Amino acid sequence: MSNRIINWFKFASPQSFYPLAGKMIPWFWALAVAFGIAGLWISFFVAPTDAQQGEGYRIIFVHVPASWMSMFIYLIMAAWAGLGLALKTRLSGMMAQALAPTGALMALLSLWTGALWGKPMWGTWWVWDARLTSELILFFLYIGFIALQAAIDDPRRADKAGAILALVGVVNIPIIYFSVKWWNTLHQGASVSLTKSPSMAQTMLWGMLIMALAFWMYSIAVALMRVRAIILERESHSDWVKELREVKS
Amino acid sequence: MLAVSALSCLRGERRLFSDVAFELAPGEWLHVQGENGAGKTTLLRALVGLAQPDEGEIRWRGAPIGKLGEDYRREMLYLGHHGAVKEELTPLENLRLAAALDGRKLDDRDTIATLHRFGLKGREELPVRCLSAGQKRRVLLARLVTRNAALWVLDEPFTALDVKAIEMLSALIGEHLAQGGMAILTSHQAMPMANGKVMKL
Amino acid sequence: MNWGSAAEFFAMGGHGFYVWGSFGACVLFMIAEPILASGRQKGILRTLRRERIAEDLEKDTK
Amino acid sequence: MNAFAAIIRRDLLLAMRRKSEMLTALFFFIIVVSLFPLGIGPEPMLLRKIAPGVLWVSALLSTMLSLSRLFATDHADGTLEQLALSPTPLGVLVAGKIVAHWLTSGLPLVLLAPMLGLQFDLDASALWILICALLLGTPLLSLIGSIGAALTLGVRGGGVLLSLLVLPLYIPALIFGAGAVEAHVSGLGAGGHLSLLAALLALAVFFAPWATTAALRISLE
Amino acid sequence: MNAFAAIIRRDLLLAMRRKSEMLTALFFFIIVVSLFPLGIGPEPMLLRKIAPGVLWVSALLSTMLSLSRLFATDHADGTLEQLALSPTPLGVLVAGKIVAHWLTSGLPLVLLAPMLGLQFDLDASALWILICALLLGTPLLSLIGSIGAALTLGVRGGGVLLSLLVLPLYIPALIFGAGAVEAHVSGLGAGGHLSLLAALLALAVFFAPWATTAALRISLE
Amino acid sequence: MLAVSALSCLRGERRLFSDVAFELAPGEWLHVQGENGAGKTTLLRALVGLAQPDEGEIRWRGAPIGKLGEDYRREMLYLGHHGAVKEELTPLENLRLAAALDGRKLDDRDTIATLHRFGLKGREELPVRCLSAGQKRRVLLARLVTRNAALWVLDEPFTALDVKAIEMLSALIGEHLAQGGMAILTSHQAMPMANGKVMKL
């Protein structure tokens, strides 16, 4: 038991995590590409044309995974941040920092693909619907986190400040979500609302799930790449970095 | 009373100092010396708990200062490079409010007497903004008298002071030590007080 | 197979702009992000190597 | 408790000494609210509809502007270090500062809002709801804002960064606050909105001072 | 001329160094614009009507926020004294600082505005008018604002006092700027409004740097 | 070169000094002495044109400085209590930008050499915010070298400097005087340079 805890802490040190991450990255890339190809195949060649929305609905295969990931990554990021604040493990802060840009990208993609979907379906790029609005706010929260960390030079301080912000954000996301939902449904003046998603054929569900897996693997791979760079930047003057093969050659 | 062992601080990739260790008993004072950028201010901030040292331990009456918290802060007074006085308020108000935040109430007579002792006669009611560099510094230093602390941690207390004020301040520190107080100072000027421990960074 | 021809495939039933706009943006960003990340990694490695060379030189001169 | 009262008194005294600062925050509120009829046009129907939203957004912006000074002046002149080293727990002092901030920047808005509401042709009962909503909402703004102010302390570009961090967190207050008046006007009753505001306030009273203190300790390091 | 380019380069460099500051000013703009629908409600018809007003008021606020830093940081660290003592005429340096301010805070707004216009469901031709109006209007905001920034320099509560001084002066820009889009939408043609904006800009280019310099000299005394 | 006659300054209802008069020729330096709050800083700010004296006249090469404007400012360098360096920028950038604003371009080699001379080796690329009190001061003082001015007006130039830096600075002032420059200084510390005129406020 105690042995396992020690092992765990060993991998929580940047020094041993760096090579481990290096070994894992190719695998996640392979998985991401495999799932991606499979997902794209299903979305364009297997999934049938939708009765109501024609071909436009195929956007769902990127829109929904991006939306899911944007929310999920925020949770993971906050969890890492909280862990760092509680246990003072150096790696946690770096993980949170590495995840934030990917999360922001996912939120941006969700907004972008949603807007591109909205134009043909609703006739407008944007409506102030509850889900759309809370996704936009989530994007702002990501940007706030990134901006705060960028504004503080001392990485240790940046980690801690970012952690507090991320945790405050986690408490607030449900509040924001429900308040926006309530706001929107109370005065239902909008002429358009999210069309009920069509009862999705089994294939569509599968396509979406596989695409979601692809996005997931992609996020892990990119976050690991970024965390490796962050580790090097922060630890650049420790001895183990100087002894790295990449540095010596 | 104050015992420091194996203290070390990093800034960026630079190790400012390591293995700093000393003890301070009642009536003793320590002169921290070192060139510009040697890490004196950093050491002092670590001693009062404003900065976290990377290694080592600081104990007050045998307990680590992190654990003591308020009990340590009540017995200690740190005056740094910074003004730490409100420019809009008068010297009198500044002293009174600083004491109130420590949970104490000052007697007006005593406070005015203290200000006179620090050469601020006739400036009690002027906003600090109007005072000269040295006078501002004196307002800050007056807290040494209005607050009873056992350990004084002073970062370059003599800057901006004129000769008379330096004499007055060192006499004050002497009294404090004679009454069983402790002091840790930095200064690039020669110290007008005797019998200090010296530590070079 | 839903598509009679490549042109039909690209037209996406008249929604080509929107569908390809979405998938295109995703692919584009998801290619750009890893490139940026690896660029960051390469950049820091380059400076580390340079620092190492400078250190070696210093040792040699001593 | 003594020190809690002392820091409130100190901050109020400082606010009085810099009277212009408090007054200008108020005028900022008034001017921003008055800009809208100029930018949007004078139709009374339209104005009545946007009134609660405009008032709330302006209140939010005006509170936010004064937030950057909440800890910054104390930080710049080194007083904040002294507060952190004071024998009183920092959390108590922080709570006091938040109360003082509300007294100087939130309360005046509440008192002023009805007058501005008249400009937008709101009727008396709507004005009452507006006051209640602001009374519950402005302390919430001060509480949430203090976290942002502490996090951005001594950070480059703090002022604008602060708004970036804080404004998204203000959205529930905005929605329920402005929603209360709207719901009342449209005959739905404002009770639900107001009790939600109160619940948020209760939550913030417990957590915000604690989070602010933690953030301040980090900024001081 | 050399020093003119040098000060622009210096301020841009400082802006780059504090990159986050510039970006956050932009996001502030985006967030404030997005707050209004949340306060007012999601009806597209209503939103389309208030869109130009909201965009302009937000642009105005976001410019104004960055104004307080225009001279304040230079003043706080004593660089401004050094500028005033420099052999280059102060007016030239001031003009350079204003140009840099527009480049970092006005221009990005112009580029971003169309996207936000889409959120309010404005059509393409209205967006073009919006861009033109902002292109003429934002330099005007920087120029007028610099006078206010100089006047409130080192004054306690400067930030809010600044808005008090500057916002009323911004009103013509707001009326013509927001008016241009509205006039276009209602089919009246935006030409008149835009040429009035251009005239104001020409006027400000001549007088504002001069007035700012005079104000700075007073603040420094 | 610099001639001051019958200068007097009021602050509030207090007359800080009156009838101040002196002349300074090339190679000479003036030590302004006085207690805290005597009016030294006020006098210096009047001399460089940052404050208006209530009476009296200041002439440079025979002409009143108000009339000379830029011509006076080009030949004069004032370094005050204030940092006057940008905390976000590195020392190197600070110097380069300060020179650019005077319309001059600095050679990188020379500038780095100057920074090394001022003991900032290894800190050229660190933001000034990270530097110690004395190091910040050194960045400011480096302008004495990078800018060619005939008249140096320095308010307490020795604060926060360590012993080595004080020696270096006084040697620098000595060189400047030997080349026909002029200097006006205030300081509460003993001056390590000889042959100065002294004025007591």
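First chain written, first letter: the chains are A, B, C, D, E and F, and each begins at residue 1.
FYI, a residue touches a chain if its C-beta (ideal position, glycine included) is under 8 Å from a C-beta of that chain, and two chains touch if they have at least 3 such contacts.
Keep in mind that this is a model prediction, so the values were computed, not measured.
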item	value
Least hop count linking chain C to chain D through chains in contact	2
Fitting chain D to chain E on CA atoms, where both chains share a sequence, rotation angle to nearest 5 degrees	180
Chain whose mean Cα position lies farthest from chain A	F
Fraction-based call for chain F against chain B, same above half, different below	same
Rounded Å distance between chain A and chain C, as computed from the means of their C-alpha atoms	17
Separation of chain A from chain E, taking each centre as the mean of its C-alpha atoms, in whole Å	35
Gap in Å, rounded to a whole number, between the CA centres of chain F and chain B	30
Interchain centroid distance [CA atoms averaged], chain B/chain C, Å	55
Sites on chain A at which at least two other chains make contact	140, 143, 147, 151, 180, 183, 187, 236
Multi-chain contact sites of chain F, meaning residues that touch two or more partners	88, 130
Sites on chain D at which at least two other chains make contact	18, 156-157, 161, 164, 167-168, 171, 175, 182, 221
Residue ranges of chain A touching chain C (in the complex, touch as defined)	40, 44-45, 48-49, 54-56, 58-59, 62-63, 66, 101-102, 105, 108-109, 112-113, 116-117, 119-120, 218, 221-222, 225-226, 228-229, 232-233, 236, 241-242, 244, 246-249
Of all residues in chain C, those that touch chain A in their complex	1-3, 9, 12-15, 18-19, 21-23, 25-26, 29-30, 33-34, 37-38, 40-41, 44-45, 47-49, 51-52
Touching residues (chain side chain E, partner chain F) in the complex	2-3, 6-7, 9-10, 13-14, 17-18, 73, 77-79, 81-89, 93, 220-221
Chain E-facing residues of chain D, complex	18, 20-22, 24-25, 27-28, 31-32, 35-36, 38-41, 46, 49-50, 52-54, 56-57, 60-61, 65-66, 68-69, 156-157, 159-161, 163-164, 167-168, 171, 174-175, 178, 182
Contact set on chain A toward chain D in their complex	137, 140-141, 143-144, 147-148, 151-152, 154, 156-157, 160-161, 164-165, 167-169, 171-172, 175-176, 179-180, 182-183, 186-187
